[in-house]
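Mind looking over this structure? Questions follow.
Chain naming follows the written order as A, B, C and D, and within any one chain the residues start at number 1.
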Amino acid sequence: MGDGSSLTRLRVRYGETDQMGTFYNARALEWFECGRTDYLRMIGQPYVAMETRGVYLPIIEARLWFRGRARYDDELEISTCACMSGRARVRFDMRITQSASGREVVTGYTEHAFTEAGGRALRPPQWFLEAMGRGESGRSENAIG
Amino acid sequence: MGDGSSLTRLRVRYGETDQMGTFYNARALEWFECGRTDYLRMIGQPYVAMETRGVYLPIIEARLWFRGRARYDDELEISTCACMSGRARVRFDMRITQSASGREVVTGYTEHAFTEAGGRALRPPQWFLEAMGRGESGRSENAIG
Amino acid sequence: MGDGSSLTRLRVRYGETDQMGTFYNARALEWFECGRTDYLRMIGQPYVAMETRGVYLPIIEARLWFRGRARYDDELEISTCACMSGRARVRFDMRITQSASGREVVTGYTEHAFTEAGGRALRPPQWFLEAMGRGESGRSENAIG
Amino acid sequence: MGDGSSLTRLRVRYGETDQMGTFYNARALEWFECGRTDYLRMIGQPYVAMETRGVYLPIIEARLWFRGRARYDDELEISTCACMSGRARVRFDMRITQSASGREVVTGYTEHAFTEAGGRALRPPQWFLEAMGRGESGRSENAIG
């Protein structure tokens, strides 16, 4: 991923493994969420503040490719960037790799609508588009681990 | 457990195992919650209805004894009963066993306060105490699987 | 879905909700796994027995569409069927609906490779293909809840 | 906690909240595990290396006191220390607080046996006792975040 991506580091928890000895697949969606959280913080619009302002980003679609193993206590890096998908949705692209080797573990994306608390669709707020635009031209040194 | 206990059946999910090959310990607290849900339904006060009425049962304390293994796809039974703990708390006792062999997997309890949505303490409602009293003298044929 | 699909029923656990008040998205992948487990049991090849025989089905890809809300204690139905995807992969299609209303909650699929315990690719075993073939022409009365 | 305790920092994930708006109780046991992992790394015996040497620490008992709220994206600190409990068990004490305010969120402990991979009880290895002894006299600057 390019310039405007955020970087998240985490270690695989024991409870995230399953009896196959690698991470359990559903945890990848939870790691994707960690990536989104750090991306939104990086562009100056932490998601906790967005919900406070009444803007929610419910997930509409997700796609995941499982590309490599990750074991208990492995350190992983999540690289996240975002772009608009049509006029009404935002799409986050995530790439999870092994910190030590750089090998891919999971890649994928999630798409989200903009809604108010009650679920009614919202037009994407101008301040969000502007923040994302700045994020896209930002640098990865802004990344938050 | 005696008469007024509810019975919950579930199968260990693959995602509930860890690399030791048995269930991951935190899942036991989630299974306890399944037991509480079925107990409250049995006594006629489903928790979803309680929250709608503005009565919440946040957890205050939990204790768990891990007594045996449970593997992927094993069928487990959760036996749950409840009593008041002092004047202001309700305590649920849970016992999880292997359906096939009856062997114990986890036992323990959780204690809960009564609060309104905002977290302010409530006196335990009379209708709850009455329902629980009837539950204690009920029979396990009322159990919901 | 048609004839050869299995049916799984479950209730949304409290711990499966998030602060948006609906289920947390990663749980859908866990529910998909419950669907696969019941499908494989239905066709006479429970996954626990497959791993014992040395045949593993690690996940390669997943896609999910989030179509509706599901709240704590809602009863959901998972309809699962399977087909080969190329010569080396099996694909499971899942459709999760509200039991009461039939409204869709999540749809999607997962694709899996065939490997031995160590991760080396296996040719799909003949007994698996045959069981799946029978499943495809089976009936939903074989479904396991 | 005193000198020989490790320090873990994490942020509450969105998927760790529930519809009450605070973290879901079972996640506390997962956070306890993060604390244990960092404690064992601090004393020079990472758990991943222990399992490689054939020494497992299955959980026998857990106790948790839920003392305060923690919301999505709150930064938490886990302070972990350990001592022997009788001759055959190790006990970890965990204290989770809000990083910003220092307010307690969850406190508790877990007790663990020493076993080999197959589950047979082991005498606590001398190298473990020595590492723990050094940990107890160590300093918190050794902490790993």
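What we mean here is this: contacts are C-beta pairs under 8 Å (C-beta built on N, C-alpha and C of every residue); 3 or more make two chains touch, one makes a residue touch a chain.
What you are looking at is a predicted structure, and each value in this text was computed from that prediction instead of being measured.
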Exercise for the section: With chain centres defined as mean CA positions, report which chain is farthest from chain C. Expected result: D
Completion exercise
Of A-C and A-B, the pair with more C-beta contacts is A-C
Exercise for the section: Using mean C-alpha positions as chain centres, tell me how far chain B is from chain C in Å, no decimals. Expected result: 27
Completion exercise
Here the gap between chain A and chain C, centre to centre from mean Cα coordinates and rounded to Å, is 25
Problem - Geometric centre distance via CA averages, chain B-chain A, whole Å - result: 35
Completion exercise
Flagged in chain B as touching 2+ other chains are 14-15, 25-26, 29-30, 33, 71-72
Completion exercise
chain D residues touching chain A in their complex are 11, 13-15, 29-30, 33-34, 37, 46-48, 71-73
Handout entry: In the complex, chain B residues that touch chain A
Key = 14-15, 17-19, 21, 24-26, 71-72
Problem - Of all residues in chain A, those that touch chain C in their complex - result: 20, 22, 25-30, 33, 56, 58-66, 69, 110, 119
